[in-house]
Amino acid sequence: MAEITFRQALNDALREELQRDENVFLLGEEIGTFEGSYKITAGLLKEFGPKRVVDTPISENGFVGMAAGAAMLGLRPIVEIMTINFIILAMDEIVNHAAKIYSMFGGQCPVPLVIRTPGGGGQQLSATHSQNLEVWFAHVPGLKVVAPSTPADAKGLLRTSVLDNNPVIFLENLALYNVKGEEPAADYTVPIGKAKVTKEGADMTVISYSRMAAVALDVARRLEKEQKVSVEVVDLRSLRPLDRETLITSVQKTGRAIIFEEDWRSFGIGAELAAMLQEEAFDYLDAPIKRVGSLEVPLPYSKPLELAALTGAKQLMEAITELTPRRRRGSHV
Amino acid sequence: MAEITFRQALNDALREELQRDENVFLLGEEIGTFEGSYKITAGLLKEFGPKRVVDTPISENGFVGMAAGAAMLGLRPIVEIMTINFIILAMDEIVNHAAKIYSMFGGQCPVPLVIRTPGGGGQQLSATHSQNLEVWFAHVPGLKVVAPSTPADAKGLLRTSVLDNNPVIFLENLALYNVKGEEPAADYTVPIGKAKVTKEGADMTVISYSRMAAVALDVARRLEKEQKVSVEVVDLRSLRPLDRETLITSVQKTGRAIIFEEDWRSFGIGAELAAMLQEEAFDYLDAPIKRVGSLEVPLPYSKPLELAALTGAKQLMEAITELTPRRRRGSHV
Amino acid sequence: MDTQQRTQPTVTDNAGFDQGESRETLLDYYHLMLLIRRFEEKAAEMYTKARIGGYCHLNLGEEATVVGFCAGLEPTDYVYTNYREHGYAIGRGITPEAVMAELFGKVTGCSKGRGGSMHLFDINRHFMGGYGIVGGQLPLATGAAFALAYRDAHEIVGCQMGDGTTNTGAFHESLNLAKIYHLPIVYFIVNNQYGMGLRVDKGSAVGELYRKGAAYDMRSERVDGNDPLAVRDAVRRAAEIARSDREPSLIEAVSYRFRGHSVVDPDRYRPKDEVTQGREHDPVTLFADRLKAAGMIDDAGLSSMEERVEQEVNDAVTFADESPNPPVEGLMDYIYAPDSTDEEGA
Amino acid sequence: MDTQQRTQPTVTDNAGFDQGESRETLLDYYHLMLLIRRFEEKAAEMYTKARIGGYCHLNLGEEATVVGFCAGLEPTDYVYTNYREHGYAIGRGITPEAVMAELFGKVTGCSKGRGGSMHLFDINRHFMGGYGIVGGQLPLATGAAFALAYRDAHEIVGCQMGDGTTNTGAFHESLNLAKIYHLPIVYFIVNNQYGMGLRVDKGSAVGELYRKGAAYDMRSERVDGNDPLAVRDAVRRAAEIARSDREPSLIEAVSYRFRGHSVVDPDRYRPKDEVTQGREHDPVTLFADRLKAAGMIDDAGLSSMEERVEQEVNDAVTFADESPNPPVEGLMDYIYAPDSTDEEGA
């Protein structure tokens, strides 16, 4: 089975969408001549020309709003915001405008807009260049938010996002771009709002998304091999709308849950999941739902500090061990 | 005992801070000649002159960053953002700059900045002018976030916010400005990070902040009179840092909790509270923690729709009834 | 090179009209100006009667800028405005009924009662919205122009804004984008001399706002906002350049806000004599005088025009009054556009 | 009125220096330019050796703008820059050791290892930070100038930025604020002709960036960024006006980026001959030639200067190498400033 990188999957999906629909165009800083800060758009300017692949000045609020306006007239822009840290400058056009235009004007004008942007730490980019902030978007009605963890899902979700008639925030992660995974079938698509059980398990459920969903799967598989504990892994894939059903079903089965996210722990995505699950599966819970997230500090540049601040496989392992039912634990002492 | 409005309490606190410290100055749109969109700064330009009360053009990111820069050199700006809906334009200077400068530069330069801004719906201001968004700020390390519900706490917290050496987001609510309450003692201050049990109760805990904390207290008192159920009410007052201890203690006592907030229900403040409480008080919970919030829709202008979308006393009552232990319920049928 | 022209506000009490002007059209302009005047006065009245809620901003004193702007564009051109847009909505062909119904929050309103005074919209008339966030409409309008250029369309975009709006980052970013991409758009500043209580020169380093075009090598001019024909001609010049040369323009129409910022603003901060003076240059009466002086209408004609307009406004109120509220069961409609590849909601 | 002056880039291979120029000072300038050149070359080397992480942007080719800017300000003036600031930090008196240590992420770095290459800071030298968010430093610098005006202080603010930064909303809002409040600040654009891969005229509607001052009635001029004296004099003029008249200025220094945007950028998008040409106007060698021609230094002097600089740079690396990392136990320090009225953290 052929493998491709996350970067290639995005590049392929963008190319296919540009070929499929001439209303689709790309807009963003350095996506053309420079071929993308992270080379996601490599080759596309050459192939489709400057009408379809548009380099912008450093004006995030301006060109995101411009994309929304173009979408109001029926174009289907795919915007790249170089990293999620800069999208903070465009929140007004995203939240006060793109997210509200369809509703506020009584359903007269959809805004079919996709905004791609990578988040995440671990590259020593320090405090202003290492954020996640998914929760800011997931909180807002009128937006859809997706965060795939595999090349296949990235391709499948990018396609459905472009077909969607609403503003979709497509969240990537810097540390995922070089990750390889199965190349999906030519017609593979992933519906927005559907989570995926990436590994079945009996003892507990680990819920995650984006890069941490990949880490969670590795950890779970390793533990399975070592026959330590049977962990079910759910990859959210979409943060808004949330696939409550899949989450509840899994936790009702395992009775234990850990939410694993890269972002700062409090007031994050995990908070909603834990709150919702204790509402919906209270009587099935054998233990409190745990949240594993990063330390709440503006991420420092210095490598040892950065490593100490960010969560990862080690922290997840610890949480799993703490949460493992006594009987199973017993079987190893 | 003398009573004052929430508006007057803020106006008094601003005046006193301007008198106390000449490094304190006010900055914002329409706070001078116009005396404030909601008249919080009425009379202050006349009293302190244009050096201390500065009208700004419509440049939220520009003047919020300007205030942060002035704070870097030791001034203590109090910024008014006319409503929280416009602070969305200033998120970069708040989150990428004010919140990170002290940490990212190794503790060399504090940013003693207060940003006051009212949120809330119910005024028929429609989707772009009725938001809350507290969670965006509560999520960010480096920021402190307060949201008082009474004139006394407003005054007490505004004072401590101005004395604080960090950026403090001071959240008000349009519907609170005319609310009256006890005038606090001249030296009354409220520490940032301390919640308040505004009413003791035995059957359940209702946790809230800002305007909804006032509504919750009314409802709880009414129910007490009618001897229906004994509700303990906790007013958070600060959203970051969170006073976990007070919340946990109360819920350990009552075994039941409702989080009551005006904002959209999912990924809100209540999510963190529910997640944290099920982590810390799991074995004390007799029922799932409930969240009562507003419907997740861009708030429509039309009054009947707005009323249907926003949460309030009625919704809280229903939740309390559902959560009331059977024995007590029994005693009324 | 300086691409700016400075048009000295022309004295407006001059009776002569160019040959080209047809009586019928001029009377239409007058009718629209008067309709806006009376509609806004009625809106203020309805607000005090609590039939209208939220914020309500009126075009009183700006009728000539509104009518001139609308007349300078073609019917299929796209229009974006700020929240002070009742007149523009009517000027672009939305019925006074549908506008008043929106102010009343009724389901028959042009935004189905969801937008209110600040958020009027009509996709069929290419009226792409009033926007309550200052500056918010500029990037959107720029994007609409981007789409029209992308499709090589005949239509262009007209984007209205206030004087205070020129101090926002969105103004700077939008005009720069429009120029580098050669977009067919006319940015139209209504300089009514105030942003809420802030006088234009207190908030803007340059008081003559058309000069801001220099930072983008953008053609810009200033016109007398009390003369609907001067405004129309400036907008036409700019529209023509947008249509044929694919170049943006910036127009500043100098006007005066007759009342407070919104209906609830007591307007205490402006010098009495300034207000009196401002109101003396009443664009509606000035234009009526010109029409009379040119023998195009007489007092009888004027008063029958008054009656007609009064009728139109009253009909709008009746319609709004008798229209139903949006059904509460429909509250959760329109959050997401259909034909999405997922199930609704979050 | 047009407050802009257009200074034609002066031919820089002219050997003559004004009377006023002391040999010592000129040699100091040269030393600083050479130090920055070698420091940056070493930083690139250390990056490829993975001793430096994250993003790393160099001042190679911009030495004259850096030195001229620093020389035009007084030692106690406040400086804000973007993330391409190693040279500015050194030019304002932070030791190469403390800068290199910061790049290495060491606790002895000028930001204690927390900021890295993009976020150098030294409160004692009034170096108020490099900032990684494009445009982010402008409102902050404007606020620092606000504080100085508020206190009627002698100091002023120098705010450096790149050419691409002039397209941000923050640029527009900041310059307008500085003008209406009459703030003592010098906005300094280093036009190195590119923002990452985007040529200045592709991103900005006006290619001559100093012309953007017109939108704020702000005094602005353009200087040859390859001549440290021309830059210094322009900054001095502006600083004097800021200090005595409390008025902001805008300066555009035309320069060229010798390498890619950051150390990892292979720089494939620029025409070969353009790059070659750009590098031929090497500000460091040009200035060396002038000094020689003026008989202020000879080849021996130049090579001993080379040795001295090499030593300084090597000492910086040694210092950085031998310095400890920040203690992990201290990770949660500095999130909140002390003497708050609450307990730390959230």
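Just a few scattered comments:
To keep things simple, chains are lettered A, B, C and D as they appear, and every chain counts its residues starting from 1.
Simple rule for what comes next: a contact is a pair of C-beta atoms (placed from the backbone, for glycine too) under 8 Å apart; a residue touches a chain by one contact, two chains touch by 3 or more.
Just so you know, these numbers come straight off a predicted model, no measurement behind them.
The interface with the greater count of contacting C-beta pairs, when A-D is set against A-C, is A-C. Farthest from chain A in terms of Cα centroid separation is C. One inter-chain figure worth recording: chain B and chain C are separated by 37 Å, centre to centre, where each centre is the mean of the chain's CA atoms. The mean-CA centres of chain B and chain D are about 41 angstrom from one another, to the nearest whole unit.
Contacts with at least two other chains are made by residues 111, 113-115, 119, 131, 133, 136, 167-170, 172-173, 176, 180, 202-204, 335, 345-346 of chain C.
Among the residues of chain A, those in touch with two or more other chains are 56-57, 59, 61-62, 85, 89, 92, 96-97, 103-104, 126-128, 138, 141-142, 240, 242, 266, 296-298, 300. Listed in rising order, the residues of chain C touching chain D in the complex are 167-173, 175-176, 179-180, 202-206, 211-212, 214-218. Every residue of chain B that touches chain D in the complex is listed here, in rising order: 25, 51, 54, 56-57, 59, 61-75, 92-93, 96-97, 101-112, 138, 141-142, 144, 160, 163-166, 189, 191-194, 238, 240-242.
The touching residues of chain A, when paired with chain D in their complex, are 29-30, 33-34, 37, 55-59, 61-62, 85-86, 89, 123-129, 266, 295-298, 300-305, 308-309. On chain D, the positions that touch chain A within their shared complex are 53-55, 105-107, 111, 113-116, 118-119, 131-136, 164-165, 167-169, 195-198, 202-204, 269, 325-326, 328, 331-332, 335, 345-346.
On the chain D side of its complex with chain B, the touching residues are 78, 80, 109-115, 119, 121-123, 128-129, 131, 133, 136, 138-148, 150, 169-170, 172-174, 176-177, 180-181, 333-346.
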